[in-house]
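Should a chain be cited, it is by its letter among A, B, C, D and E, assigned in written order, with residues numbered from 1 in that chain.
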């Protein structure tokens, strides 16, 4: 066993199970040895597609169409389902937070009646619940056939959408509180980031509607009748997550409008108060200017009450303006 | 009979009725005793789903699919209808005001030809009219079968939407009057709250269209032919409430635009008047400044009419500006 | 014959006609007497639905489903068509101006092969043309069967939409001219009112599309083949009026945008001119301020040309600024 | 032959043609004489519908349904197609520039296997190309049957749309250049006029999609199989012109946004510069004011360097503010 | 061989290939000589359509419908597919960058079971990959029939869309960084240009959806069953590129909003600071004005501490205003 095989063991996870037995074996053994017991389902889970040759070599024994192999290897594609004579192919997006970053990972599922191959773009997945349930002899999953495992995988992925949406929902709510209490320009950038995340989430989830609806209407032979109610449930969940995304988008749009109008409102208020201050002092300054003129013959100048008269005049004008502005509800 | 059973009596309401008889019994008795008379319909109404085991134990004797039991127990789902061999399942949102707060409560309806089980998220419902009509021997409801009770429940829920919409409509109208008379920033927050309520109402009611349309087109065997005209009516009501929501949304959008443009208009008017005041006094202050200069040789200074000349000059300039601005309709 | 019956005569209009004869009788006689001749069609036109019992008593002999009776009695519903074994039911909105107010009146039409019952929400209708044509022995209407009368009623109602739209169109055009010549804030309120009217018109007319399209596709047995081309024409008219509403809405939106941008433009122009005036005088005032300082040693003060020098300096600065602003096309 | 007949000759154009012969005759002769040769197609082109009786008398011999005759006579309708047992009816909008004004003329086409009647709202059409091709013995049109003439008419009309769109497109492009070089308020009015034209064009062309698609799917018996590829081509052209209209609308919307934001930007720049000028001089004026105070004991006043000190202080402050504003990139 | 033929050789590229052999011959020879070997496919690639007669002469031997020949010759059309008895016709847009300019070139593909003719609007295409793969004896393309070549051509064109979109995506990303770091008015013009490019890209790619979907559903006989999975893949790619365009459009719209609101925000901040400076100095100037008045009896004037008193008063007022504004968070 050389270094390459060790790498294999890290990257490729082979689980063989029947209602009675379950065994995890290294991928190298999977190919080499005869099957350890009569299994119901073999699940081959591959993490990473950068080594194209390896992925091709894994898929080769199953006679996968070269077009599909290409789809598996190229990232950035649209979720879809395709069924062929020998197997069915589902591609969707696994979305989760890794180190506070939203990760969009493309996952290909290839399955026939006995084998399920899942190929992800990189390390990390949302299948821990499935692994646990597989260990449990009483779980429906363990008792089920390959289509039940496929359902469980798709369901885990969509459940992960809800986790992501819940986190986003909480963040949006926090932002809203902050918006109402301390509106600031940084918030706008945050809101834009959420908007962007929702845009990408929408783009990843929206085509799933069609994928699952086609699974329900075409019913490829790999899908048994008992799995249908489960798939219907998955369908509802997809719709629900799309609904939630739409609601968040509308809330976000409302928040951005609120921020902008609140901001412009606040700015206007400030400008108004500043302008009112100026407007009160400018006429007063004018009067001071008048009595600052140097004309030789100005009756008020030598007048003993000239100064208090001027001061009182100014005060009266100031008060009059304040009263006028107040009455007009200008401040 | 212990404390737990008493709690049962509060939470679970069992009504058994035929055209001739009606009886309300505690849930514990429902299970234990033999049926008190030949009933047409048994209605089990459960309030609260926090005790998962209990809900599961209630549903167990009816052989409900585990997927559906899960749906019943998890809140925040989309309205839907599903029909199975043995029973049909409807989920919708009960919306009502409790303590001036809009409550969205998820309600699951499970029914076959003899039994209707309704499971709500929490205490409180909109079924008082149904309870009254059940007491009345002459009511169609009392004479009808289980599908008529289901219709009555769905109809009560949709009627409750109209009650909610009517309250909202009145509030929006009041806000509009206030908007035209005393526009203020608090109003904007109120309008946003209404917008939000309408968004959630829309989200809760919109999928009902499909639910009821599917009841009409698939006609599960639990729905008898006589119930169809009633369901059609319910369908019209759903559409009507969606129409009303849309109309309110457009009205609200119009009001917000009006507020914002009115607000900016008012602010502009204030700024204009303030600026006009400043603009009139600044040239006058300049003239005062000129005659405040200390040059030794200024012909106007020793002139006996210098002061009145300056004052008249200023007045003329002020009047000229006012006339000019008035003519240009600037104020 | 007592007071109540007289009231009947006012509210309920019964017209019985055949190609050869036509007779208007009081409703009390309609029920009591045997038919005066072999009629083709009996038209019972009821104005007002506030007296529920009376309306119910009118509909009772025709075996109308209680759900429909309720629909007839409750206002604020959506236009619709429903056909039953014995009769068909159409509900639509009659829209007309009464005392310069736009009136939306709900009209129910119930008809079988021999009788047409129309029940309006209040006094006033748009059927005068029909009454005249019924008097004319040569009219197609007089020769036709009940479905032709129904067509004539629906057609009158939709023709009335065009009358309303024409009035609105003229008002919008007038507003546009006023907008271009004397934009004012009152206009904005008028435009909003039109927008609102169009919103309600749209809401009332939009579902009619479906109503008439269903009449054409389902062809209930009450509708004879010869009436189809007429209904198609009605269908075109409905689409045309929806088109017109859409066009008006876009024109209105354009006008409101124009008003708002024109308004803000005008305000900006005013503020700019005011600010330019201030900006020219502020440096001049500064210079006057400089020569108003009381320093003992200021060379310009005792200088015999100091005053003209200062005045010329100020003029030069003012001219320079004006030239600069002009060149930059600032005013 | 009296004056009326002469008027006929002007208004009504009758062309009878077969692959071998073509003849234009006055309408009065058309009715009177026996056919001059065995024609393939007779085309009766009527300009003007104000004389209702005349139009009715022209259509009478063809047994046109009164509903259609009404449609022909009433302008302002929606494009549509209707096929009857004996003939088919197409209504569409002819759009062209006459004296730099956009003209929307309603054109009705009635045709059976031998005759095509076209009735336009007023003088002027876009059929000169057809007239020329009819003269040419080798043209497909001359060899074709009535459906080919109908195709040629519809095609001419849609080609005329492209001419109109091309003119509009050039005007929009010119406006865009002007917008980038000399933005001015008059341009906004021009853009609005284009927007309006596009709105009416859209309204006139949009329903044609359906008209032609129905011609293709229903294939009334008047349309021969060989004409189908031509109609498909027409269908593509309609879609293309709708696409072009949409593109122009989006371009226009972008231009208006650009104008408004550019305008507000320019205004803001002006206000900023003006305000910066004021802001620099106001503190300077304050300092001049301070040294203009008349206090008996002010140390700077009798100081021999007081005046230069004050001037230098002012210059320093002015320079400091300018440097500060420059650094902040405020101008 | 004369000059014209040389021009032919430049413009028209004829490739004849079978799994075993491949040969490129001049077009003049193609017509003249007998086929050099039993080919699978003949590909005639024509660059340039300005010489209408020549194009017509190329298409003539294949019996192409005159309507299609016209389509080939007229640019600015909508992508489409049409299948006839003898051949199928696809028209789409080739989009690529030439000299940093986005080029939209119309490409017509005519094909039957043995021949593929591609006619482009001008020199330059995106088929270099195809030419290389044709040289390779092991490629599926070389082994395939005419439909595989058509697939390869369509696929190359759509792959070229992704190249264009990738370039645009990078440019948009760069613009976004610039927007966040150095927002400037030139950026707005750039963003508008991208918006415009995306509009035209959308218009060119959107109808392809329908084209390929019709190829999949109608399955003209020229398309063999083995080509279907490839076409499905092409279909996915089209959808993906439309998705990408939509995402870019939303991103761009967000960026423009950000720029505008950021710009107005920045402008407001500047105006606020400027106004605050003025507002602080105006009351101070007023006080200086007061003590600049020339009244004979002013108690402060002869007072020995008058001057420092005034200065301290001014400082206090200035400080008070600054503190007040700071507390209100106005700057």
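To be clear about the criterion, a residue touches a chain if its C-beta (ideal position, glycine included) is under 8 Å from a C-beta of that chain, and two chains touch if they have at least 3 such contacts.
Computed from a predicted model, the values in this text were never measured in an experiment.
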Subunit C and subunit B - chains in contact with each: none
Copies subunit E and subunit A - interface residue numbers shared by over half, same or different: different
Between subunit E and subunit D, distance of the C-alpha-averaged centres to the nearest whole Å: 27
Distance from the mean Cα position of subunit D to that of subunit A, given in whole angstrom: 43
Subunit A residues counted as touching two or more neighbouring chains: 264, 271, 275, 278, 282, 285, 289, 292-294, 298
Pairwise touch network: line, ring, star, complete, or other: ring
Cyclic chain order - from subunit C, heading first toward subunit D: C, D, E, A, B
Touching residues on subunit D, where the partner in the complex is subunit E: 229-230, 232-233, 236, 239-240, 243, 246-247, 250-251, 254, 258, 261, 264-265, 268, 271-272, 275-276, 278-279, 282-283, 285-286, 289-290, 292-299, 328, 330
Residue numbers on subunit E that touch subunit D, as the complex places them: 65, 67-68, 70-71, 76-78, 80, 82, 84, 185, 188, 192, 195-196, 199-200, 203, 207, 260, 263-264, 267, 270-271, 274-275, 277-278, 281-282, 284-285, 288-289, 291-294, 298, 300-307, 310-311, 314
